[in-house]
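Please read through the structure below; I'll follow up with questions.
Chain naming follows the written order as A, B, C and D, and within any one chain the residues start at number 1.
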Amino acid sequence: MEKITIGIIGAGRIGRMHAENIISIPSIKIKTISDLFVENAIKWAEQIGIQNVTTNYQDILNDPEIDAIFICSPTNTHGEIIKEAARAGKHIFCEKPVSFSTEETKDALEVVKEAGVKLQVGFNRRFDPHFKKVHETVKEGKIGDPHIIKITSRDPEPPPAEYIKNSGGLFFDMAIHDYDMARYVAGSEVEEVYVQGVNLVDPIFKELGDIDTAMTILKFENGAIGIIDNSRKAVYGYDQRVEVFGSKGCVTAQNEHPTNVEISTADGVYKDKLKYFFLERYKEAYMLETHAFIDSILNDKPLVCKGNDGLQAELIAKAAKESHEFGKPVKIKREKFLKV
Amino acid sequence: MEKITIGIIGAGRIGRMHAENIISIPSIKIKTISDLFVENAIKWAEQIGIQNVTTNYQDILNDPEIDAIFICSPTNTHGEIIKEAARAGKHIFCEKPVSFSTEETKDALEVVKEAGVKLQVGFNRRFDPHFKKVHETVKEGKIGDPHIIKITSRDPEPPPAEYIKNSGGLFFDMAIHDYDMARYVAGSEVEEVYVQGVNLVDPIFKELGDIDTAMTILKFENGAIGIIDNSRKAVYGYDQRVEVFGSKGCVTAQNEHPTNVEISTADGVYKDKLKYFFLERYKEAYMLETHAFIDSILNDKPLVCKGNDGLQAELIAKAAKESHEFGKPVKIKREKFLKV
Amino acid sequence: MEKITIGIIGAGRIGRMHAENIISIPSIKIKTISDLFVENAIKWAEQIGIQNVTTNYQDILNDPEIDAIFICSPTNTHGEIIKEAARAGKHIFCEKPVSFSTEETKDALEVVKEAGVKLQVGFNRRFDPHFKKVHETVKEGKIGDPHIIKITSRDPEPPPAEYIKNSGGLFFDMAIHDYDMARYVAGSEVEEVYVQGVNLVDPIFKELGDIDTAMTILKFENGAIGIIDNSRKAVYGYDQRVEVFGSKGCVTAQNEHPTNVEISTADGVYKDKLKYFFLERYKEAYMLETHAFIDSILNDKPLVCKGNDGLQAELIAKAAKESHEFGKPVKIKREKFLKV
Amino acid sequence: MEKITIGIIGAGRIGRMHAENIISIPSIKIKTISDLFVENAIKWAEQIGIQNVTTNYQDILNDPEIDAIFICSPTNTHGEIIKEAARAGKHIFCEKPVSFSTEETKDALEVVKEAGVKLQVGFNRRFDPHFKKVHETVKEGKIGDPHIIKITSRDPEPPPAEYIKNSGGLFFDMAIHDYDMARYVAGSEVEEVYVQGVNLVDPIFKELGDIDTAMTILKFENGAIGIIDNSRKAVYGYDQRVEVFGSKGCVTAQNEHPTNVEISTADGVYKDKLKYFFLERYKEAYMLETHAFIDSILNDKPLVCKGNDGLQAELIAKAAKESHEFGKPVKIKREKFLKV
């Protein structure tokens, strides 16, 4: 195979971003995109040169020319689509989380495994050059045995109430990225979590049964301990930092600014706020995760981010939610699960 | 009063450092220094121009010329000396912690209160210009309501086994500084703690019933949550950082290096490790805390760091120890206590 | 006009880079690319979807479907092609410098002016977000009147001898970018230059009548003074910095690193070398200059970087060369020339 | 000799600073201070514990108990006092410049040499830990052969007109520090200078025959070239940076801020302006230069900064002044002069 033909399911913000990234890659062709609300999508699809737009994602799964699909539809549809696609022999890129239920995720993963197709979960941050270098630095032993993992992850502003309602809550919607990052840089599974979560940003979160500010303490199988701090509102931009401290040193990835320009005046020294949000901050990472997925299919390379990574992050999110509810540390219930 | 005459109890490392700082201040005279092991101290005292050296600290307390004392003796002697000194009408600077027992500390504070003398506890970091600016930035409302407090506090190398034995453990010896810093920058009392503590640096800690690596989650009365991460061994130097994140912004104090020089070669960009340890990192803070103590006596200004601050940090350390032992969050038992 | 059809003259490194950038822009179509050595180009062109490859650039100029051209051929062909293209009514993007002779450049600019076509000169650094912000900061008056302009511009390694021979020398090949940058950030014309140039990197430069290390002092019409330091070999990467100091402050743009990751060990703190060279450092700028050119054609917006900008930089380079030869300051001979 | 007795000539700002630094050094005693305006000095001297104040500096030179003197009087008195002090057998610390006339300086240095006393010139910046590390990095060969030296040196605000009049002008008063720094970090003598100097900050400079903004290009004997940029007014503080670029790398010393605290808000990221001026920025350097002087006397160690260093910087300043007047490069007239 020299060129891959793909279909995209879901033409919302994230689906369109993937499509626009893909059109600059000569080795991929987007044949079809599906969305329930097809009218908006048609004009956009035409502009970027995608010919087929459908309301029925089955059209994509049934098309023998299509090698792989991108699932960018709402989370509650992921599990079902993964199973159908796997059975249709399509390789799958699925946005995170795989599902809101670890049972459903495990089901989907079993089907994927049986079908022998590739499944990449959209933990885009693993492809960020800064965080990737942190991962590699740890892996190469440059900081010795990891002792302390620290992740800061704060959004620039809260999502709308409508989104919060169906988001799965802070643990499944937002912190799940950080749970994956923690596993990625620590090089170890999480065995226990303790959460201190509060409502400080906006009362709407409390009204909807959610929180907006949280600390998650992680205990890893390799003995290391970790902390993740989350907030739904950092007025200075998208705050995304990672640090791993170990027996021989410490590695840190700092925030990125739109420019590095500093202006010094009689009032002090000023520089830009942080890059605004994920589309700006992880622009390159989104591009790279797509390249890696295609590369994995074309050249049969191992995936950086597999179905099991999706499952593990969900298991942590589930335990975190429980810890928050009961106010005590919770062990991860990790049954034996063959890595896909 | 234009000039103050002081005595120093304890001529160990910290006692000598205070003495050497004080001799450069024209408004203070060190009259006497006491130490059980007087021989070593005599030569040193002579060199820096202190005339009297005694093995009996009572000589200092009984000297009517002496206005104030610095208590730099082992922690288990602090409580008793504070009470005697207060009754003798001396103003008191006492190294942290006031004691290993909150009962003993409360006793001492009562006596101080009755005697009407000043008691400053040696939380030197409050006088560090970087952390002081963090405190002021929060106090002035520049970052809005505090939501998340983060403190990193890692020593460059573990103390000797002999020291560990009598140190009171990580919570009372090391993290107590951070508990005070947390209260100082958050502008609020801590009401609950949860600790995840482990032994990763050296088995000697476990053998002596101590830990060397810890996370403490703090819940503050003002709703904010905090995290302190401690390690007994950061090979790259004394890692001391503070961050307060709030509704309107974030303020951070970074580490200090001996120089800011960067060397760029074909291998990368290199700069100095961090300042080695507390004597280097907090050199200026140690000087400034002495100035502030003297200024408070001479000009009757309020103390930056009072007896109650010592007590509150000890209450947190006690709860942290309990949380570590029982593996669950612990509420601070804060009885009404008049601020001294 | 909603979509632009272009031709590219020259399929060397820089021509291919432009082509690869352009294919990701939906509003442009590359119809033809020309190169004397067509064999290498054919396979590459096919891969990225360009159908026509020719050895004769006239095929491009004679094609009525083609709206605009990119001139990426050797400098000594620029002047002639610009004139032919202008007379054929094509809009022109021309790599820098326009020519090695200010007479030839002026001739070309006259023809462009008469033909009424657009001519953008490839001073890509104007589109770098960092340097653009410096320019804007000065323009908005945030640092007051400019007093001192400082530009550091050092290549990571010298070009091959064959390239040096035909490069026009350090002033026309390398520093010319910096002369343009100086005008761009100072917001003023240069009226005098003094150069101190030496041969320190490699004797080959001296053998070929060139230098490899230089300082150029600039005196601007607005009273400001400037300094540019150039080297052909910075072993730590492509060193590109700009600073403008004025009556109300100072604005600086620092270097960019592949990642911001810092690794602290017992040996010190390390981070990545600089981005390697212009393709990495100015990746975004090359993209943005193409967008700006297209935007100027489609929406008749003013060009950021015109023919006159090319000419002015060449006048400075010429004076710099003279200053170097005669060891004294040289005034810019700027005859009246209507801005294109 | 275990303890040194000194006298200070001149109780102005810089004389008092040295006195206040010295009283914290146990191995030095200040016996006498002289000043023409003795009334102000008496009260101050008493406060810091100096017993003798005189209007006649000869009292200091004639006192057999005094081992060494600090010359902090106006520059036009330096040459005469150095000669008298040397003949009286006193070691000498002299503020920069040694004189405004290189003839006078050479005379003084001859007398010092004959007398066999030590003469340290007050180039305090050599003792700044940041710049010292730059010097050492170059000396150790870590950046290979030096190619380019860059020094930025900008004062936070212009001195009063009265001071400008007697200052010797920008080259002798301000840039002379930078000329010394250039020699110190380049490890080579300067053989030619070219200056571009202008009047941009305040017309008073022009009225008094001075300039306020200047670039000095330096050519060193080892082949390296250098640039110094000076301004009398940087509204954001005392801007003091040094960079040496060489065949194997680059070493830079950046500015220092009162704190490293950063405040991120919806408006951007702010940090403190630079340290205000030389008393803040070089506080530690002033202390260290005194220690080095005393150490040199007590332990017969070589001086870091000798009479010849004063002379060389003056030769550069003289050539710079000439270059500015005649608008062309000027060679340093360096006759053979035995190093003192």
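Throughout what follows, a contact is a pair of C-beta atoms (placed from the backbone, for glycine too) under 8 Å apart; a residue touches a chain by one contact, two chains touch by 3 or more.
What you are looking at is a predicted structure, and each value in this text was computed from that prediction instead of being measured.
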Recurring contact interface, reference A-D, options B-C, B-D or A-B [over half identical by residue number]: B-C
Pair exhibiting more inter-chain C-beta contacts, C-D or B-C: C-D
Distance between chain centroids, defined by C-alpha means - chain A, chain C (Å): 39
Separation of chain C from chain D, taking each centre as the mean of its C-alpha atoms, in whole Å: 42
Chain B and chain C: spacing of chain centres that average the CA atoms, whole Å: 58
For chain C, residues that touch 2 or more chains besides their own: 235-236, 248-250, 264-266, 272
Chain B-touching residues of chain A, taken from the complex the two chains share: 145, 147-148, 150, 152, 154, 194, 196, 198, 200-201, 213-215, 217, 219, 223-225, 227, 229, 231, 233-236, 239, 245, 247-250, 327-329
Sites on chain B touched by chain C in the complex: 235-237, 257, 264-274
Of all residues in chain B, those that touch chain D in their complex: 23-24, 26, 47-49, 129-130, 133-134, 137, 142-143, 248-254, 256, 258-266
